[in-house]
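Multiple structures are listed underneath, in structure tokens.
Next come two complexes built around chain A: one with chain B, the other with chain C.
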Partner chain A sequence: MTQWFVLYCREWLELVRSYKLIWVPIVFILLGASQPITTYFLPEILASAGNLPEGTTFEFPVPTAVEVLAQTLGQFGTLGVLVVALSSMGAISGERVSGTASMILVKPVSYGAFVTSKWAAMLTLSTISFAMGYGAAWYYTMALFEAVGWREVGGSLLLFALWLGFVGTLTILFSSLLRSAAAAAFSALAVSVLLSLSASMLPNAFAWSPGNLSKLAASFVMNHTAEGLWLVVLVTFCAMAAALTASAAVLRKRPSLDAA
Partner chain B sequence: MNHLLKVEGLAKSFAGSKAVDGIHFTIGEGRCMALLGPNGAGKTTTIRMITGLLEPTSGSISFRYQEPGMDRRKLIGYLPQIPAFYGWMSGKEFLVYAGRLCGMSARAAEASSKELLERVGIADAGKRRIGGYSGGMKQRLGLAQALIHKPKLLVLDEPVSALDPIGRREVMALLSELKRETTVLFSTHVLHDAEELCDDVLIMREGRIAIHGAIDEIRASNRQPVLLLETEGDERSQGWVEEWMRHQPAFVQTAEVTGSGLRLVVNDVGAARRMLLAQLAEADVRVTKLEFGHTSLEDLFIKAVAR
Partner chain C sequence: MMDQLTNTQLWTILGPVLALQLLLMIIALVVCIRTEETRGPRWMWVLIILFGNLIGSILFFIFGRKLAS
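Our next item is the complex of A and B:
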């Protein structure tokens, strides 16, 4: 346990020194804040931007506060997922390529601890960043539209953070399987897109799929409940555990590049 | 002799080709062993299997202090050919990190890091980021991190190959000090380094052991007298050399013409000396150099790996 904590502290130090702990939250805050603000000012933006003839009038249905938050989640679902994948794509392959993995793994370090410390750091980073971004969205929604209860926000936050964590876990798994960091990010994104698509096209067949998480989060903030939530959460946790186990096994089999 | 490490039938194949082909050897406790061989002989593969970075295809590796179920990595300190570090960490931070991963307490790791930085001679750079270290400094830090948990066996993969002559000199001096405290296994393709440091050598060729044993014994048992003759290279001397080559006496084992002279491996140095000196004086050969020596380990090494 002490050893795991030492590994985790090193991950934290790297997050701080590589400025990831600054830029990732900033991207999320910008994403989160921009959605309610642009939605609110959309009529004015259009009116001032277009060369429209005098007397053109706009009729926009004013979205409700919860709709704005659900749209924000949509933004996080594309760009946010991309940022999470990019920020953890080199987690294991990077250490292997640079040779630090073979420096560390000849010490009596458990392979599982090595992987899970990276996973925990990824989870911390993505959850903190997303919470800040979603918090910003919530703040501007409250200021520009109307109040939204903390239960809806909290529930959807947890569900969506789980989705981001799941994508990050996939990235770490691919990062232990593939040599190239970019290929790992691409594979993780491709799998997450496939999961989301399959879940929305065939909702009944894929009712258990982690690909439902972003949809569930949006429905939770709008309706305060989400159907079939627990099954999906359970499957996601199991999938993450399996991915980490596989990742540690791959690392044990192939701790460094030239040992392939 | 008490063995520290025992390797039995160790083999590794990559995609059908055998990198290491069933080798057996032991390393005595407190000894310093050089793993020699040309590039591609299987030295690095052997070392990586000992450190546990590579799963052997077959065979076993056992330590004397290894209780059943114990992690072998606890007993080994390893310095790879090109040590890699986190460039954003300072040298001291990396050492403390390495020490704590080996199960040391924060305080013990701190104290030991300080001492080791001092010892490998980079105490001043301890607080600087490793990203700015030179190759020699990284090698020293690599040594320090391999020593942090006081390993029973220090495994070094070509520790001086990548260094400039000064860095090489300094690391060699450090190693000769270290070998008094712990058992060392290091690989190299430079025979001179092995001769300078080691008690034992293990020469590998194409994944097999060509020669294995104490360096002094190998040297003694394979030692043969060598005669080196050089002349001014004038016509008469050249003619004499050619003539001599045609009528070689019985004590000559191998003879070769080297530029303006001769190189002879003989079995009776006394007879050879008497005869050659007399002949040279009689024929009035313009000798510039005449040396009576012995075959070096290098001759043996070349013979072993080129066979």
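Our next item is the complex of A and C:
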């Protein structure tokens, strides 16, 4: 356990050195804050965009506060997922190419501990960043629209953080399978897009799929509850555990890329 | 809506966001100038950060630096 903790601290040092601990939270906060603000100023933005006949008046249905939060989640679903995948893409492949991985793994360190320490650091970073970004969105929604209860916000936060963590886990898995970091990020993004697409096209056949998580988070903030939530959460946890096991197994087979 | 908003109110809404964006840009610039080696010419990254807004800084942090190995 102490050994695992040392590895985890090393990952934190890496997050600081690569400035991820600074830029990822800032990007999430900016993403979260911009959605309520743009929605609030949308009539003015359209009006000042010009080339409209004189005297045109807009009658926009003012979105409710929970709708704004759901839209923010949609924003995180595209750009946030992209940032998570891109920021953790080199987690294992980078260290394998540079030889750090083989240097650590000749020491009596288990492959599982090596992978899970990276995974835990990724999970901490993405969850903290997303919570800060969603908190900023919540703050601006409260200030510009109306109050939203903490239960809806908390529940949807946990669900969506799980989705981000799942995408990050996929990135780590592909990062141990593939040599190139960019290919790992691309594969993880492709799989996550396929999962969400299949879940929204065939909602009955894929009711269990982790691809439902972002949709569930949005429906949780709108309706206080989401159907079939626990099954999806359970499947996601199992899939994450399986991905980590597979990733450790791949690493055991090919600790360095020189042989491959 | 804009008519009822005074300038001060507008700035209390937008101020923190703009400040944060500026902060990110400054951090990216400092890192870009101080890092040993960038991927591609350094002046190109400075331009990308300055004119690319949020995206420019993100791109620099992800792709801009050569990993010290």
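Keep in mind that, in the parts below, the second predicted complex is superposed on the first by the 260 of 260 C-alpha atoms of A that agree within 3 Å, B and C clash if a C-alpha of one lies under 4 Å from a C-alpha of the other, contacts with A are read in each partner's own complex, and residues count from 1 in each chain.
Basically, contacts are C-beta pairs under 8 Å (C-beta built on N, C-alpha and C of every residue); 3 or more make two chains touch, one makes a residue touch a chain.
Since we're looking at a predicted model, the values are computed, not measured.
*Asks:* For A:E44, select first, second, both or neither according to whether it touches chain B, chain C, the two together, or no partner.
*Replies:* second
*Asks:* Contact-wise, after the overlay, does A:P108 reach chain B, chain C, both or neither (first, second, both, neither)?
*Replies:* In the superposition, A:P108 touches chain B alone.
*Asks:* Quick one: classify A:G99 as touching chain B (first), chain C (second), both or neither.
*Replies:* After superposing on A, A:G99 lies in contact with both chain B and chain C.
*Asks:* Would you check which partner chain A:G149 touches, where first means chain B only, second means chain C only, and both and neither mean what they say?
*Replies:* neither
*Asks:* Output check: A:V27 vs chain B and chain C. Expected answer is one of first, second, both, neither. What do you get?
*Replies:* In the superposition, A:V27 touches chain C alone.
*Asks:* So, A:V83: does it touch chain B (first), chain C (second), both, or neither?
*Replies:* Once the two structures are laid over each other on A, A:V83 reaches chain C alone.
*Asks:* For chain A, which residues belong to both interfaces, chain B and chain C?
*Replies:* 18, 98-100
*Asks:* Which chain A residues qualify as touching chain B in the complex?
*Replies:* 2-3, 6-7, 10, 13-14, 17-18, 98-100, 102-109, 253, 255-256, 258-259
*Asks:* Chain C touches which residues of chain A in the complex?
*Replies:* 18-20, 22-23, 26-27, 29-30, 33-34, 37, 40-41, 43-44, 83, 86-87, 90, 94, 97-100, 140, 143-144
*Asks:* Across the complex, what residues on chain C touch chain A?
*Replies:* 1-2, 13-14, 16-17, 20-21, 23-24, 27-28, 31, 54, 57-58, 61-62, 65, 67, 69
*Asks:* Can you check the complex and tell me which residues of chain B touch chain A?
*Replies:* Residue list for chain B touching chain A: 44, 48, 51-55, 71, 73-74, 76, 78, 80, 82-86, 88-89, 93, 97-98, 100-103, 145, 149.
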